[in-house]
Structures are given as structure tokens and as C-alpha cells.
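Order of writing sets the labels: A, B, C and D. Residues in every chain begin at 1.
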Amino acid sequence: MNFDIKRTGRAVLHVTDLDKSREFYDALGLIETESDDENIFYRAIEDHNHHCLWLKKKAEAAVEVISYRVNAEADLEKLELFFQSQGTEVKWMEKGSQKGIGRTIRIQDISGIPVEFYFEMDKVERMLQRFDIHVGAKVQRIDHFNCAVPNVQKAYDYYIKELGFACSEYTTSKGEDNIWAAWLHRKPGVHDTAFMNSIGPRLHHIGFWLKDPMSLIDGCDYLAAKGFSASIERGPGRHGLSNAFFLYLRDPDGHRIELYNGDYYTGDSDFDPIEWDLDDPQRQTFWGHEAPDSWFEEASTFLNVYTGEKVETKQPTLEKRKPTTVI
Amino acid sequence: MNFDIKRTGRAVLHVTDLDKSREFYDALGLIETESDDENIFYRAIEDHNHHCLWLKKKAEAAVEVISYRVNAEADLEKLELFFQSQGTEVKWMEKGSQKGIGRTIRIQDISGIPVEFYFEMDKVERMLQRFDIHVGAKVQRIDHFNCAVPNVQKAYDYYIKELGFACSEYTTSKGEDNIWAAWLHRKPGVHDTAFMNSIGPRLHHIGFWLKDPMSLIDGCDYLAAKGFSASIERGPGRHGLSNAFFLYLRDPDGHRIELYNGDYYTGDSDFDPIEWDLDDPQRQTFWGHEAPDSWFEEASTFLNVYTGEKVETKQPTLEKRKPTTVI
Amino acid sequence: MNFDIKRTGRAVLHVTDLDKSREFYDALGLIETESDDENIFYRAIEDHNHHCLWLKKKAEAAVEVISYRVNAEADLEKLELFFQSQGTEVKWMEKGSQKGIGRTIRIQDISGIPVEFYFEMDKVERMLQRFDIHVGAKVQRIDHFNCAVPNVQKAYDYYIKELGFACSEYTTSKGEDNIWAAWLHRKPGVHDTAFMNSIGPRLHHIGFWLKDPMSLIDGCDYLAAKGFSASIERGPGRHGLSNAFFLYLRDPDGHRIELYNGDYYTGDSDFDPIEWDLDDPQRQTFWGHEAPDSWFEEASTFLNVYTGEKVETKQPTLEKRKPTTVI
Amino acid sequence: MNFDIKRTGRAVLHVTDLDKSREFYDALGLIETESDDENIFYRAIEDHNHHCLWLKKKAEAAVEVISYRVNAEADLEKLELFFQSQGTEVKWMEKGSQKGIGRTIRIQDISGIPVEFYFEMDKVERMLQRFDIHVGAKVQRIDHFNCAVPNVQKAYDYYIKELGFACSEYTTSKGEDNIWAAWLHRKPGVHDTAFMNSIGPRLHHIGFWLKDPMSLIDGCDYLAAKGFSASIERGPGRHGLSNAFFLYLRDPDGHRIELYNGDYYTGDSDFDPIEWDLDDPQRQTFWGHEAPDSWFEEASTFLNVYTGEKVETKQPTLEKRKPTTVI
């Protein structure tokens, strides 16, 4: 490939009650860059760009698009040519049509996930050393997307071979041929995106990176003091896979947010992806409570980038098994 | 009362496999003072006394006795007189009959709990600043006992009125008269002992105090690396009651250990005990996973101090309800 | 003695610029209970009482009084009798003459320190679980006073023998007879008050207890973001003596505040005070930067409780030596 | 450039007493991969490669070489061609001549620093989840080199324009044209290498990344308990520049080690390097003690890669000023 995707960039979520959502995301320590009656734009504490999360007020909760940042403006044309060569329709969003960001292209990926690429984004003041305004979990940056897809092998092949992602860790089942779940990255951490075998495509969660484990505990205390203790769905615990010290939250519309700390550098070209067996009890949970059923079964609906309609989901290719599907 | 009980002192546990138990308690960061084929004596990192936990190898797991330290040797005679005046049989354990400790008295308390009082204990080197040997959860000191009893009101009245304990927090049920659970102290923290309405008497857990929240997370990581992830029964989470950031573990024999950090000073004579409603969802869990059934139902067997037989348990006076019984 | 002093209670400081002081003390995470143009009353996050720090706007910075809480109202009369028997003049402050507090007695102690005793204080909401308003170092409670005095032995003897304090740790010099510094307590931690050999009487610092070491680091970051990095005089580091992980700050008037975490339980009657040699390099600083000269030389002026005049200071009895004087 | 330098890889240090050095580096939490009477090879807890630090026993302390890892074996030939085109002599170290590593090339860089490039290194077990063997500061990975050079502008130009590094932060002096110090990276953090204006070339320090701030405090406690409190030269504190929560140590031969946590992602191509004024007091120290003179004046000697002789140093081009030279 001749284009260069850099990293997980932003997500655009539809939410039904902007005030409730604001209360929740403020408590994570995200910083509001700007807002109006229909929108809130959030950035994290190390961001020097306009936003990494855009909440849009809509009648129904959904995920409009998940976006990756590319290395240069010219990568967008290169990506357009690539997608056209694949027979994938490309939708341009011209500069000015979205706040704070330059032009973007949107496509529906091989699993049906609405994906966007962009380079330009407005620069804003970085708040990394404004410790006086850091609250809650003090979310430092957006890190990754985790998507439920019906065919992980297909998504894996496409992102690795066509889009240039590398694999950090993956799950297989003894005596079976297919990949149950895979963690892929462009920036040299464990993940920019992950896929797991389940009804999909759906967004399982958006992962945010925390500066240290205490920020996760502080986040729990802050959320609980603000009345959001029921929003904690799973954790704290540590995953075997990725080594993440994790917490999973559900926002007021049910969108799932992971807060985590603890992964590692994966940038060496001879890095050997770590294989986990589906039935290894420490794969999902190195230690901590079992994940509740909701964590395995519920996920956010994606929208079609061309029509705005909900993307239809399919049953997974591999037999769905509880300890299996997702992390 | 003319005697002065100072604090939770030590527990004597019967365990069935000393090597397995050693692996587990070592991982908590307890320090072995001495041991032989039948016994291990553990102290915590700030202890200048011989032990706070005595493991005895026996055919069956049980709790031989839970012990409180008194202020002076003479308090033992005063306690003897008091118990005799109550018609409670006192069993003296002469100096030399137990390692590391002076003479003690043992009684079966009003709920049938085997309780011991002592003053003298051998002095040993304090390891508080030997940071090079602190491992796992770096347990700093024993803090409290938590007992399931069939009649909390009776236990509460006895410990408050007869033994001089003070109440820090307690749970009632709206429109009902009785106390469902109570946290009592002699030293000025939240608890030296706690009682909750359940089948009893049984020991629900022994609580150890950690120096900070990160020691609890470090403890989880260390335990999991040592193969003890399945020993984590509940947590990490925060109790509303007591403000404890907690973790509950089961030792290889099923004895329950709480590691916690986060309580507060209760030494003022005008301290108003905090009342919690049984149905307040944040009482048990300010935030965190629901407690599993095992946590509500299982507890350790007490032995009779005079006969060595298992103490018979009774059904609770108040209707047992899941969110109710214990913390 | 027949009276019962419970613990370090509050300090009354004269400050010259209430707005500047507010900015500083707010950044420590103290909570303002009430204030007017001349006064601010602060409490810490676990306090259920009106205040532990009272700032009064005055033309000159000084320490009006340091206060201990007693166990019961009747202890005040008992203390009055005791002081009268010693020939010490007692000044009653009637209820209503000071905000938020009942009647108090004030005396000038054996070293010339203005000391107050009280029992009654207004109750207010405890903010321990209001994690959403905890900021900066999240100061949890007032812990101790540290005073420079010209004759430590005299102060030590008086507080131990006459007032009922116990010693946790102390410093001597090899081959010399006198005590250079001593840490004394009523509540069962390392200190409610400490004395060290220096020009005095002066208040060296007020110590506040933090819930964990990360709160100290968070406090530094918050203070620096608020422009108070120059207020950090010493630390972070760890004292050998007391095991405190410490930070020393100077408020806008130069009053010194210690934030710390890390001491231990001292309530056992057979606790052996820990002796440190004056020249043990790890006594003062188990690890960390050397204390600056200001830390050894500067301290706050006390006022006479009867006249309101500055208390005159004297040269120390023992030869002043830098590594010696104070901790 | 057509080659691809990935990241800071390893350092080769000459030390005079292997046992003393082992005690020190063990206390940082580095893991010994192998050793003999003349050598110790250390890796950090996330490393899946043989070593990031090689200690060689020699009569005199020195830095033999600092090494960067490239993306592929073929990059070595490309680098050779590049250096030859620059008239820089290239020294090949064939595979087998150094333990655990493939062939490497070594050069003396534009400032006279002995620099090595390599791709291949033996793979070993990664200890990231062996929490039971993590001790001290639990060093997670090598991060960067910091070198004193006589002409920062020259080094900066060379690394940026010829070797493909990017600048994250830099220091200038108002009204002056030259760069006083610069932080450069290949991997997307704040630094793989840094240069500052001073007598040079000399190695100021090797920076290691910690997983969280508490590991730094734990490291101090562990070092002090092991008798290394005097090895702490500066910190803990926070740099304005880089946002690092830092600690500087001197190993038994005086080689300086930085432990830090707290930088941020710099991988975006439009990242604007942050400019700091030399006289901004929060540049060097966002908060914390002033650096001691030794920190400004002392640094390790480099060896010539061709001759093995000590590299001669020159006075800095820019007038040396204390707050100026280095971070």
C-alpha cells in the first residue's frame, strides 16, 4: 500500500440526551472543546487537536462513523484510489461540512463498518499540564476501536494485507483453523482496532488510554460520586490479552467505553503476535470478576455512511461461545 | 467496664495443607516469623510483635479463635472477673503453651464465637522500612474480624455495653426495629469487629489494612502471576459503608481474607455512627461488581474453646435477604 | 492525669492576604466550610466537624493558637484545675466568641507555645465520599503540630508526664544525655505534636495526613498548575523517622505545611519508642533531596494567648546543628 | 533517507565492579538475561529481546556505544552507504562477535558520539505478566539517550535532516538564534535521543520508561532499603519539558540513569514541536527541588568506536549557563 494510516482518531456517536451524555463524559475527564444544542466535541488531556469524540444529538443512539487519522493530506486521494480499485464506494465529506476537521473520506469497510479517514484537524490548546482541570479518570487519549464482526478472519486479512495494520495478539481455538479475535495496530501499541467473532458488525467499545492505574480507580470513585456507579459494567480487572488494567462503562445510551492502562511497545518489525487459546482462563481475565452477559451480548449499532440507515448484522461464522467472542 | 481492650490482635486458623497456605499468604506480603511442620506464624510489615496470624496444620479447616489485645497484663484478670460475673466460663492458656505469646484467656462469646484476650507477645524486628522484602499486597497490619451471627442486636448490645466497643456504622431496614449489621471498634478506625445477620456464628472474613490502593492492585497482579487468580472472590470495588477500597480472597481452605484501604478516624467521643439503609444500593457497593453468592453464603466454622468441637450454627433472627446479610 | 486529650484538633493562623491564602489552601484540597471578609474556616475531606484550620486576616502573619481536642466537655474543667495547680494562667474563650466551636481554654505552655483545648465543635457534612469535589492533594485530616523549642527535654517531660502523651520516636546524639527531637502522640499514630531543638518557641509546621502517596504527587501537579511550584520547599521524599512520605510547603505567608502519608499504629502500651541517632543519614531523609536551609531556619511566630503579643524566642539549649534540629 | 531507524535499542556500558553494578541495576527491576564474570545482559519487563543494557567489566568506566534498532536487516547496508557518502567510517561488528545480537554497524556521529545500529537480536521470554518477579522501579523499557554536545544546532540538523528524527520539544534563548537543547524521536514518544549544550560529547543519561508514577516511588523505597539512597541525585519531580515525572540516579560508576513516566504521543506529522524559553523556571522543573551542580556538570565519557580511546570533549558553542545546559 502507498498510503499511511497513522492511528485511531475519533468517533462520531449519536446520543439521545446531550445533557446526560455530557455529565457522563465530563466525569471521565474528557475536555469539551466546543458545543451547541446539537453537538459536543471532546478532546482528551494530551490532545492538541480539536476532538477525538463527537456526540451528536439524535432520536436514536448509533455509531455514525469511526475514524482513523492518516499521515498526510495526500493519503486521502491514495486511499480513494485504493478503495475504488476494490469496488468500494467512497464518500467525500468536504472541509466545512464537519466542525473542527478538514475534508474526510468515508467508506463501509469489508465487514460493513462505517470507517472514515482524515488528516487535517484544527489545533487547540493542549491541557496535559493543566492538572488543575484534570478530573475523574483523566482520560489521556483515544486509543482504539473494538468491533464485533461475523467473520474475523476476513476482517483480519483485509486490515493486515490491504490496509497495512499489524497484529499484536490474537485468539484461536485448539484444533480449529480460524481466528476468533484479533488485536491490530498502526501506532506501536497493542491496538488501533480489534475484531471479535460475534453478531456484527457492531461497535463493542471505544478504548481510551489512561496515564496510570490510579486514574482508573479515581475514575470509579468520581463516577460513583456523580451517580454513575451503575454505568460500570465490568472491572476493574486485568486482561491476560494486552495486559490492560481495564474498566468497561456504558454511557447513558449504552455505548461502551473502555478505560485502560498497561499495554506495551509493538513497533519492532519482528514482533511475534501473541497467540492465546480461546479456553485459557487468563486470556480474558488475568484476574477479576467474570464479564456479565451484557458485555458479551450488547454492542452499538453502526450506520451506513451512504444512506444513514442502520447497518444490518449477521450471525457469526464461528459458533458463538461465551468465553470466546470478545474481549 | 474497668478493663481496656485495645484492638484486633491475631487469628488462629486451622488449615489442611501448610505448603499451599504458605504460597497464598506469602503472596499477600505477610512475613513469616517462624514455622515448623505444623505451624506458620505470620506478621505484617509494620508489626513489632511475633504474629498476627497463626496457621495450624489440621485435618479440617476451622477457626480456632480470634484474639483481641488488651492494654495491660492486669486486664486479663479484670476480664476474667467480668466473664465470671456473667456466668461465662474462662479458659486460661498459660504462657509457654502457645508460641510467641504470653498467657491468654479464651471464652465463647454471647454469639458463640471463640474469643481470646492477651497482652504479652514477643517482640520482633519491624520490617516497615525493609521495602526490599515487601511483596504482593504488602499487607501492613491486621485490622478486623467480620462475623456472621444469628442475632446482630444481641451481639451489638453485648460488645457496646459490656465490652466497651463503639459503633462506627450500621445497617437497618426501614420500618424495622433491629440492626442488620454493625461495625464496631476499639482502636479509632472503622472496625475491630463487625457482625451481620446470617447463619452463625461463623467467621466471614479477617480484614487486613493496606498502605494504599495501589498495593491492592499490585496484590491482584502478584496473586494472578502466582496462579491465585481464582482466589479473588470479589473486588476490587469500594464499599459505601466504611469507604473501604476492598478485595476479598479465599485462602486454599476457603477462609476469607479482606484486603482494604480507605477508612477514617473514629476516635472522637461525639462521633455519630453512620446509618445505612439495607436497600441503599451504594451501601454494600459504592461501585464495583455485585458480590457473588458464595460471598453471602459461605463462611468459616468456629471451634468451641473448651471442647475443640465445631460450634453449632443457628438460622438468623431476621429474615435473610441477599443484599442484607453482610458486607 | 484525670483529663483525656484526644488528638490534634485545629490551628488558628493569622494571614495577610485572604485571597492568596484561599488559592493556596484550596489547592491542597481543603474544603471551605464558611468564610467572610476576615476569616476562612477549612475542614479536610473526612472531617465531620466545622474546621481544622482557621485563617484570620491580620496585618502580620502569626500563629494565634494550636488546639487539641479533648474527650469530653468536663475535661476542660479538669484541665483548668490542673493548669491552676501548676501556676499556669488559664484563659477561657466562651462559646459564641469563636465561630463553629464551643468554649475553649487557652494557655501558654511550658515552652511558651499558645495551646488551646476544646471539646465541642459544630457538626457539618462529611465529604469523604464526595470524590467529585476532591482536588489537589485531597487532604484527609489534620494530623500534628511540629514546634521548635529551646529545650526539648523540658517539653518532652511535660507532655509525657503531665499531659499524658506517649513517645513514638526520638533523636539523641551519641554520648550526650539530652533529647534533640521527639515525636509524641495521643491518638495512636506517630504524632500529635513534635518538638525539636531550635530557636523557639516557633511553629515549624502543621502536618496533614493524605490517604495515599499518589495524592501527594497529584498535589504537586495541581499546585504547580496553579502557579504554586515555588511553594514546594522540600520533597517529595521519605523520612526514616516516622516513615512519612512527605512534602513541605510554604503558604503565601510562609507558614509551613507538611503533607504526608505512611506512618503506623502506635497504640500498644508496650510500644518501644524508636531511637534515632542524630548523625544517622537516613533518620531525616530515608531518601530524597537534602532539606534547604530555610527548612532548618525559618518557622512561624507564636502569639501570647493573654496579650496577643509575639512570643519571644530563645536560643536552643543544645548546640544547634544542621542535621540536628528538626524534622 | 531510505533507511528506517526505529527506536532507542540498547547501551553498552563499561563498569568497574560487576557485583556492585548488579546490586544497583537489579534494584531498578531490570531482569538479568545472562551473565558471566565479565558481562551482565539486562532486559526490561516488557522486552522480548535479549537485552537493552550490557554491562562490561573494565578497568575504567565509560560508554562504549549507544545503539538504535532499525526496521530491517537491509537498513544496515543502506546506513553504510549513507555514512560512506558522508565520509563517515563504518565499523561492522559481525554476528557472533557480541552476545545475543546479530551484526551491527558502529560509527562516530557528527558530535563524536559512538553510535551503533542493529536489527537482529535474540528473542527471549517476555516477563510483562510475571508480576511476581517485578521489583523496585519495575523498569518497563529503555526509552532514550541524552547527550551533552558542544554544538546542539549541528547535532539537531544532522539527526533531523540526515537521519530522519523528528523534534518534540526544544529550548531556545530569547533574542538568540541557536538551539540550546532538543528532544528528538523516531518512535512516537517525546524522545529517542536528546542533545543539550555543554562540554561534550558525553552521555548525560540513559532514560528508562516506567509503567506508572508509583513505580518511581517504589523504586526510591527499594533503592533506599538496599542502601542506595545516596544514588538518588535528583527528584522525584516533574519536568515542564516532556511532562516527565522523573528521578535521576547515579550507578556505582557514576553513569546517570533517568527513570520517568508521563510523556505523550508525538506520531502525528503535523505535531508542532514545543518551544521553551531557557529562562522559563518551569521548563526544567515544573515542580521539585533544584538540580544539584553535579547534574549539570558531570556526565559519562564516550569511547571511540574505531580506537577504543576516550573521545575528547570540547567546550560548548553557546555560553554555558546553569539553567541552560541540559534537562
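The rule is simple: a contact is a pair of C-beta atoms (placed from the backbone, for glycine too) under 8 Å apart; a residue touches a chain by one contact, two chains touch by 3 or more.
Keep in mind that this is a model prediction, so the values were computed, not measured.
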item: Remotest chain, subunit C as reference, centres from CA atoms; value: A
item: Pair of chains joined by more contacts [C-beta pairs], A-C or C-D; value: C-D
item: Inter-chain centre distance, subunit B versus subunit C - centres from mean C-alpha coordinates, in Å; value: 34
item: Cα-centroid distance, subunit C relative to subunit D, in whole angstrom; value: 44
item: Length of the line joining the C-alpha centres of subunit A and subunit C, rounded to whole Å; value: 50
item: Residues within subunit D bordering two or more other chains; value: 129, 213-214, 221, 224, 286
item: In the complex with subunit D, residue positions of subunit B that touch it; value: 27, 129-132, 135, 214, 218, 221-222, 224-226
item: Subunit B - residues contacting subunit C, complex; value: 6-7, 46, 48-49, 69, 71-72, 119-120, 123, 128-129, 140-141, 187-188, 211-214, 240, 243, 261-262, 264-265, 267-272, 286
item: Touching residues on subunit B, where the partner in the complex is subunit A; value: 213-214, 217, 220-221, 223-224, 229-230, 232, 234, 236, 238, 245, 281-282, 285-289
